[in-house]
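Below are structures written as structure tokens.
One chain, subunit A, links the two complexes that follow: it is found with subunit B in the first and with subunit C in the second.
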Partner chain A sequence: SERIVISPTSRQEGHAELVMEVDDEGIVTKGRYFSITPVRGLEKIVTGKAPETAPVIVQRICGVCPIPHTLASVEAIDDSLDIEVPKAGRLLRELTLAAHHVNSHAIHHFLIAPDFVPENLMADAINSVSEIRKNAQYVVDMVAGEGIHPSDVRIGGMADNITELARKRLYARLKQLKPKVDEHVELMIGLIEDKGLPKGLGVHNQPTLASHQIYGDRTKFDLDRFTEVMPESWYDDPEIAKRACSTIPLYDGRNVEVGPRARMVEFQGFKERGVVAQHVARALEMKTALARAIEILDELDTSAPVRADFDERGTGKLGVGAIEGPRGLDVHMAQVENGKIQFYSALVPTTWNIPTMGPATEGFHHEYGPHVIRAYDPCLSCATHVMVVDDEDRSVIRDEMVRL
Partner chain B sequence: MPYDAEILVVGCGNILFKDDGFGPEVIKALEEYFKDREKPDNVMFIDAGTGGPHFVFSLPHEEWKKMIVVDVVEFNAEPGTLRKFDVTEIPKGSYENMHTWPVSQPLHELSEKIDVVVIGCKPKEISAPNVEMGLTPPVKKAIPRAIQMILDEIGVSK
Partner chain C sequence: AEENAKPRIGYIHLSGCTGDAMSLTENYDILAELLTNMVDIVYGQTLVDLWEMPEMDLALVEGSVCLQDEHSLHELKELREKAKLVCAFGSCAATGCFTRYSRGGQQAQPSHESFVPIADLIDVDLAIPGCPPSPEIIAKAVVALLNNDMEYLQPMLDLAGYTEACGCDLQTKVVNQGLCTGCGTCAMACQTRALDMTNGRPELNSDRCIKCGICYVQCPRSWWPEEQIKKELGL
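And now, the complex of A and B:
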């Protein structure tokens, strides 16, 4: 048998390595995927600081998913401080995330375009991605203050409601965008289904995990069912275990899949599995998210309060923020006491998927390995929670110190 | 947008750190003040945030005649006290930015060419590195008087 190593895996965010053991026909018999992105350590940076520091700092974990991280952060602190966010504030947060989903999924279509889009349609597909992103980011910018790192998503709600004029404009703009998104989704799904990928590629038997169809729901994430193991006790290859930079989160003791397909399985009775199903679910989710954004803009009361008053001293309660990021469930946990953050932890989408992705390449030719990986739209930048201690042999620190 | 006015009012500071947001808040209040009043053509208000030294002070425009910098200044007074400072009173090292290349004394250099004054407010609390948005009450209360001082400087009567 032979070992195929792709390092770093391409057309994804952050750096990861895919190691595949293959038999004489080139069929993958063992697949391992792991993060080799340096640690961020943002949880340590915000510990001991005033609560408002957290959303501002942790949204900088990465520029790919800043919206989910900001939302998960404020939701965790809202929960720790027992804040009830006013309805209009909740709607504006959901609108921000729905627009972000549309934008982020469109970016992924840009990343997978070389896999699926033929030369003669490439320019159209890329223009379509740009057009959709421009409009989706306009909504995030208007509602949350900034398109990339939103300034107006705050503990207790949002900094301001939008004006009636802005509501009408955004509503009209998204209504206008709908045919464009429908057309784009149809194009991508058609190309993906016609690609002729082998049947069953990427199918695995791991459970799916999702808390909500679009936004996220902390009551659907049960901390008691969550455990975490270190890479060294997960990867059976000591060389890989030593270099892997993310912890392995488990739900009911099993590694899971999170993301668009998981959400559709959990909330829409979607039954399909594997690479094509993941791409189809992601594309369809653009339509679901856009429809929800339009619905919110229709029902939003622009004269209603959007932010609750709160006492930022806190009681030390462990707050949980569960947000459905484009790539899956993003959980932030925060404990506020004496007006300062005492504990902070971010359990991010791709961290959930990492242990599932490698084995999902098994049973097919190794040339399909990258297809399996890209179907998860992995983003490693925030998924890294382990620090390298030895630059020479690139080993990471041991169990007791890893939980950054 | 080029900063091509004769008189510039430049609010400096970081709104994430309590009273450090005084300068930008004054600019916001000034814009509000002139919403239904006629603003002189030759004046420009700039919320420079933390970028004043690099993106305003060190990039002079030939139109410039006077710059009014609005910021918090540490001096011996009650929080919220306002004072007009001459550039020579600004301690060495102010307006250096740790994040990029050093701009040594950009206001001092600028004051050799144009008229530079600093409207300074004594802060009560600057929360850095803790993010705490919003001014403390005494500093917030100083905004209307700061506006009056700025109007006097630009020669507009209230």
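And now, the complex of A and C:
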């Protein structure tokens, strides 16, 4: 058999390598996908620092999906400090994420455009993406302080509520955006379905994992069902294992798929699988997220408090923040004691998907490999910031968590 | 001939978050025009399927460089050879930004611990700091390059040497030198809200400072084009 290596894989965030073993007809018999992005060590950077520092630093895990990281970080610290965020603060956080979903999914359409959009429609497609992003990012800017690395999502809630005038304007702006998003979603789904990708491409038998339809719910993520192994015990090729820059997370001992399709399977009875289903789910989610953003802007009380008072000294409780990022479940864990972060860990969307993506290329010609990878909208800067549990034995992991 | 006249731009991603490239794409109204008619993106795995690094007029480099990652070092060296102009694109490449706080120890690659601005290793022609830089300044810099407007780019050319940035630069390089006018530009520019004005002078919350350098860069007292000032004042 022959070995096909794509390094780095393109039109995605960060550096990764796709290694496929193929038979005489070029059909992939074994696929392995792994991150080769250097590890900046953000979990170690924030350890020992003030709680306030953590969201500022960890949102810089990734400039494509900074919102979920910021939210998961503040939620984890809120949980560690037993903070009850006021309702208006919770709504503004959810509004930020809903607008970000619309923006981020549009960015993915920009990245996959060369796969699906004919040359004569390319400028129109880019303009359609830009028009949607401009409005969605305007909301993030206004509500969260900065569009790319939001400054105003804070421990305990948000830095400020928005004004009544801003609420009305944002509401009107998103209402006006709705027909544009509907049209865009229809265009993208049409182009993707017409592409004629082979039936069954990217279908795998791994379970899906999601905590909530849009925002995320820490009570739906069971730490006891989670384990993590080092690349050495996952990849059978020692050379790959040595170079792989992310660890392998498992739920109930199995690798999973997270992201838009997983959310629709878990919460909307969606049954489709594979590359086309992933793209369709992602596109449809733009409509769900926009509808939720409009609903929040309708019900938000702009005179209500958005941030709780809290004592930042902490008791060492292990706090969990679970957020549904555009690419899937993003779990951050934090322990605050003596006013400092004592332990920090981020279990991010692409890390969940990495062990599932390689095998999902199997059974089809290797030329389809990159299609399978891009259907997950991988984001590798994220995937290099994972927790350390150098053991396959679940009980040891739990002990270590408690001890930390 | 018209085809060949478009500047050839490459985007190289080292240890960054892609936020700077995202900011570039936030030039919503001109993005399609920029990408299809104004420049040729000839390299950059985030944007295009081209693996061989070609000759480039301009290389936009995002991210600091990890000294323990051989692949990054080779890529950096190669791009210096292939690019006429190298731009440290965003604060990680320009000043190291928050990766200055890195100290390794994290799986799956605990040896990755030293992250430095690219100017520590190669000659850099210009820098566009910011975490991320605004879409507007990126667009203006690219357009200035298209027009060979080096006067507009002069501050960015000078910033190529500003690699050790921190919010405390306002204190040591501005307030301590008797240069602060209390205008508040630094606090407005700070992207993490680490700065307030207290008694008319900047007050730094170091728990929020990421060492991006944008406060000092934006300070109207931090850049002195001495020759130009003398010329304009007839000195």
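Keep in mind that, in the parts below, the second predicted complex is superposed on the first by the 384 of 404 C-alpha atoms of A that agree within 3 Å, B and C clash if a C-alpha of one lies under 4 Å from a C-alpha of the other, contacts with A are read in each partner's own complex, and residues count from 1 in each chain.
Definition applied: contacts are C-beta pairs under 8 Å (C-beta built on N, C-alpha and C of every residue); 3 or more make two chains touch, one makes a residue touch a chain.
This one's a predicted model, so the numbers in the text were calculated from it and none came from an experiment.
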Subunit B and subunit C placed together on subunit A: clash or fit? clash
Practice problem: Tell me which partner A:Thr53 touches in the superposition: subunit B (first), subunit C (second), both or neither. | Solution: both
Item to complete: Using the touch definition from the top, say if A:Glu43 reaches subunit B (first), subunit C (second), both or neither.
Response: second
*Pick one for A:His149: touches subunit B only (first), subunit C only (second), both, or neither.*
second
Contacts of A:Asn127 with subunit B and subunit C, given as first, second, both or neither:
second
**Asked** Which partner does A:Lys220 contact after superposing on A: first (subunit B), second (subunit C), both, neither?
**Response** neither
Across subunit A, the partner (subunit B or subunit C) reaching more residues is C
Of the stretches 4-12, 58-66, 148-156 or 202-210 listed for subunit C, the one clashing with subunit B is residues 202-210
After superposition on chain A, the subunit A residues reached by both subunit B and subunit C are 49-50, 52-53, 56-57
Per the touch rule, the subunit A residues reaching subunit C in their complex are 8-15, 36-45, 49-50, 52-53, 56-57, 60-64, 66, 107, 110-111, 114, 122-123, 126-127, 130-131, 133-134, 137, 145-149, 151-152, 159, 230-231, 244-247, 381, 384-388, 390
Given the complex, residues on subunit A that touch subunit B span 49-50, 52-53, 56-57
Counting only contacts in the complex, subunit C reaches subunit A at residues 13-23, 25-26, 28-29, 31-32, 35-36, 45-51, 66, 68-69, 71-72, 97-99, 101-110, 112-113, 115, 131-132, 191-193, 205, 207-208, 210
Residue positions on subunit B within touch of subunit A in the complex are 16, 127, 129-133
